[in-house]
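In the two complexes that follow, chain A is the common piece, with chain B as its partner first and chain C second.
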Partner chain A sequence: MASTDPDGRSALARVIEIADHDDVYEFMFDQGITDGLPVSPPTRDRVDRMLAAAPSDFQHPQQVIASLPPNLAPLTVEKAAINAVMAGAKPEYFPAILAAVEAAAGGQFPLHGSIATTAGLAPMMLVNGPERERIGMNWGLNALGQGNRANSTLGRALRLMLRNVGGAVPGEIEQAIQGGGHKWTLSYAEDEDYSPWEPYHVEHGYERADSVVSLIPITGGPRVCIDQTSRTARALTGSIAMAFQQVLKPRGQVTPTMFVVSPEHADVYRADGWSKANIREAIMEFTALPLRERLASPTLGGGINEYAPEKYGLSEAQLDMPLSKVADPSFIQISVAGSHAGKWTSIYQGIFGDGDPTQQQPSTFVPPSARIRT
Partner chain B sequence: MHDTVFFELQGKPSVFVATSEFIKAASHQAERLGLEEVRRVFIPHPMQDRTNAEMHEHAERFIDEILDTLMAPVD
Partner chain C sequence: MLERGFGDGLPLVPPTRERVERMLRGMARTSGDVVGKIPHSYAPAPLEAGAAAAKFSHPSHIQITVAGSTAGKRTCICPGNVRRMDPEHMDCFTPVSERIETL
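On to the complex of A and B.
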C-alpha cells in the first residue's frame, strides 16, 4: 500500500509485506476487507497511479472527501484510491468514483439510512456525459449486467469504501434482510444518442457537456416488463404501470424508482411523440387506486396501515381519493439503456413509501448527483 | 445507537431500545462509536406486524425495565 503519493506527499497507509509463500488474495480475505469476491491487491504502484488520476481539487492524499457511515469515519483521497484499486478500477475511473462518493455522501442521498435499514437499500449509479465514453462504459447490450469493467467497478469501489472505511459489514452493523446483486455494484451509462429525450443529467439541470454521476436509492430490481407487442405509447405505459404496481407490495406505495427503458421501447415513445412527463402522467393514472384499496386488506395483504382511517379520521370521501403507486410524478425516474433486440423496460424500485394518506406532501425528487472533474 | 451515544457524550443519560434481532448490530455499533457500555433494552421481535394493542402491551411490559436501565449506573 502507498506510503507517499507520486509527488512525495504523505500517504499514511501502512505497507504490508506478504510473504512469498502466502497467497495475497487469501491474505486479503483473511483481513475481512473483501465483499466476498477476490479484490485486486492495492500495491504501492497501483495506488500511486490511482492517486495520480485524481482531479485537481483532490490532489492531497490525506484530504478528507467524506464522512462514511455507519461509523462516520473519514474517507481520505488515499483511502478512496486504495479501495478503488481493490475494486478492480482503472485509474481513469477514479474521477467518476470520487464523484459517486460526493453524490452518495453529500447529504442528499440517504447513505446512513441505506446501510442501517434492513431493507437492503443501495445506490443505483447512472453516468452521463462524455466521461462515460472516455472510460469505456456500457450503455448497450447487458449494460446493467456483468462484463464491462467500468460498469462493474464503479459501484463496487463505493461499496468497498463503505465496508472498509465506513464499517458497513453485513452481519455486524449492516443488517440487510436478503440483499441482492445491487449491494455489490449497480452502475451503468445512458444511451444518450438513441434516447428520444434529453440526457438524464440535462433533465436535471446540467449541461450536455458535463459528465455526471446520479444516484437512485433502490431496494432491488430489475422487475422486467417485457412487452414486445404494444405499438402505442399508451398501451406500453399501461403494461409498465401494471408491472410497477406489483413492486414491494401491490397495495402499497413506493419511493423514487428508476425505469430503464430499452431502445425498442424508446422507439414506441418516439413514434407517438411522448415526453417523460407524458409517461409519468400515465403511470400516475394507471396505478391510481381509491385510498381504501391501498389500505391493508385481510385477503389481499399489506398496504397503508389499516388503522389509518381511524387514526387520521378519514371520511368516506377521503377513502375514495385516488392514490397512485408513488406520491409524486417526479418519483418516476426514466433513463435509456440496453440493446436493440428486445422491447424491455426494467424497474428498479425504491423503498416502501406509505405514510399518512391525508398528508401526502410530496416533495419533488431530485436525484443526488455530482459532476465528474478530470 | 448514534443518538444514544450522542446524548451520553453530552452528559445526558440515555437508553437504546430495539428488538432482539439487533443485539449483535447494537454491540458492533456501540463498540465502533467507542461506548461499548451504552445502556440498552431489547424487546421481543417482531415488531413490524404488531397491532396497536400489542404495541401498547409491549410498552407496558417494558417501560419499567427501560426506566430502571436509564436510572442505573453504566457498568
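On to the complex of A and C.
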C-alpha cells in the first residue's frame, strides 16, 4: 500500500503480498527481517493499533524520530510501529519503545560504535516510574529473564529497528565475535518501592512521577554474585567487588557496568545504612591494584599494555598508583530488581576500559535516558 | 496464545494442525509417541507436543527439539545413576544416542 489518506496520517510503508499457500512466518524468516525467532506479522490492523498508541509528539506516521546506524537510515514513527509489532509488543508499550529510541539515538549512547564493533555491545534497558506498572513490567521474580511480555519485547523492538532500519545485520556490518542473549533483548524495571535508595531515574535528575527509559551499553551478563552469608554491607560489597574484578579480564579495567541488586542484598545495605556512594567507594577500594599489577603479565594475562611504563616513562611512584576496576565511581551503576528469595547481585559489564594510564581523566558517566511521553 | 500464558513473552508461531503435521513428516516416530517426561510435573511429552513446541521456534529444528527433550529428560530424571532413579520414571530411560539414531 503506497498511498496515504487525505489527512496524510496513513502509513506509507509498502505492503508485501504473501501468497495463500505461503506460510507467513516462514516468509518473514526467508526475508531476513527477524532475529531468528518468530515475529508477529505486521498487518495493517496491528500497525494502525500501534500507531494509535503513539504519544502526542509522535502523531504523524512519517515523522522521522531518529537516524539509525550503521546506515544512518531515517526511522519514522511508522517504521518504529512496524518493528514494535514484529517484536510482539502491545500498543501500550509504544511510548516506552519510542523513549528507548530517543535514549539510544539521542547522541549520548554510543549506538553506532556499539553495533560497528566486534565486541557485541547492546543496550541494557531499565524502565522507571509509573509507566512500568501501567504496561505490566516485571521487577520481581525473574525480572531479567523470560516470561513477561513487556520486559521481553521492549528491548527486542529496539534491536529489530536497528536491524531492519539501521542495517545492523550479524555477519554483515554487525560483527560481534560471540554475541549473547543480551543481543536479542534485555529490558527490565526497577523495584522502586523496595529499593533502599531513591529510584534510579530520580538519582539521575528526573522527578519521581516521570517515567524514564535508561540505557547502559553492555557486552554481557549476568555475572552473578551469589553471596547468601555476608551480613554486613562491607563484607557483601567485598564479595561483589571480587566478582566484578574478574569481568573481561582480571587485570583490565571496564567501562560503565550495571549492578542489579536483589531485594535480599538490598536488605543488607538498608540494615547498615549504606548509600550507593558508599558502595561505589568500597568497590573502588576493594578492586584497587597498583598500576604495575594492572599491566599485562606473562603469567596472569592481559591488562594495560606492558610497554606502557617505557612508552609513557612511568616512574616507580606512578607504577604504585592505585587503579580500580573502573576509572570513575560513576561507572558503577546500581539498580534493584528480583525476587525476595535469595541474596543475588547480577553484574552486566561494559567493554574494556584500559587506556593510557597517564591520561586517565575520569569522566562522569551519566546513563543515556529519555522520558516516556504520554 | 500469549494471553493464555504459552511461551516466553515473545511472539509464537501458531502450532496449527498443518504446521505440526509438516513438522512430524518424515519421522520414524508416530504421533502420540511419548518422547520423554518433562519436569517439573513429569507430564508425558508426546511427539506432537515436541513438534508443537518446536513450531514455536523453527520447523527445521524438530530433531534438535526431540533430542533436546530427550536430553532434558535424561538429565533431570537420571542424574548419572540409573539405579537411583525414581522407579516411576524408569520407563523413560533410554540412552540419548539410541534415541537420536531413531529420529
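The rule is short, and it goes like this: the second predicted complex is superposed on the first by the 365 of 374 C-alpha atoms of A that agree within 3 Å, B and C clash if a C-alpha of one lies under 4 Å from a C-alpha of the other, contacts with A are read in each partner's own complex, and residues count from 1 in each chain.
Here, a residue touches a chain if its C-beta (ideal position, glycine included) is under 8 Å from a C-beta of that chain, and two chains touch if they have at least 3 such contacts.
Being a predicted model, the structure only gives us computed values, none of them experimental.
Novice: Which term applies to chain B and chain C once both are placed on chain A by superposition, clash or fit?
Specialist: Chain B and chain C fit side by side in the superposed model.
Novice: Pick one for A:260: touches chain B only (first), chain C only (second), both, or neither.
Specialist: After superposing on A, A:260 lies clear of both chain B and chain C.
Novice: Please indicate which partner A:149 is in contact with in the superposed arrangement: first for chain B, second for chain C, both, or neither.
Specialist: second
Novice: Just chain B (first), just chain C (second), both, or neither: which does A:175 touch?
Specialist: After superposition on chain A, A:175 lies in contact with chain B alone.
Novice: Which chain, chain B or chain C, is in touch with more residues of chain A?
Specialist: Of chain B and chain C, C contacts more residues of chain A.
Novice: Rounding to a multiple of 10°, what is the angle at chain A's Cα centre between the Cα centres of chain B and chain C in the superposition?
Specialist: Reported to the nearest 10, the angle reads 100 degrees.
Novice: For A:70, is the partner it touches chain B (first), chain C (second), both, or none of the two (neither)?
Specialist: After superposition on chain A, A:70 lies in contact with chain B alone.
Novice: Which partner chains sit in contact with A:336 here, chain B, chain C, both or neither? Use first/second/both/neither.
Specialist: In the superposed model, A:336 contacts neither chain B nor chain C.
Novice: Touching A:88 in the superposition: chain B (first), chain C (second), both, neither?
Specialist: Second partner only, chain C.
Novice: For A:23, is the partner it touches chain B (first), chain C (second), both, or none of the two (neither)?
Specialist: second
Novice: Compute the least Cα distance separating chain B from chain C in the superposition and give it as a whole number of Å.
Specialist: Least C-alpha distance after superposition: 27 Å.
Novice: Any idea which chain C residues touch chain A in the complex?
Specialist: Those in contact with chain A are residues 2, 8-13, 19, 56-59.
Novice: Applying the document's contact rule, which stretches of chain A touch chain C when the two form their complex?
Specialist: Interface residues on chain A, with respect to chain C: 23, 25-26, 29, 36-40, 86-88, 146-153, 156, 185.
Novice: Quick one: in the complex, what on chain A touches chain B?
Specialist: Contacts found on chain A: 70-72, 167, 169, 171-173, 175, 307.
Novice: Flag every residue of chain B that touches chain A in the complex, lowest number first.
Specialist: Within the complex, chain B contacts chain A at residues 2, 21-22, 24-25, 28-29, 32-33, 52.
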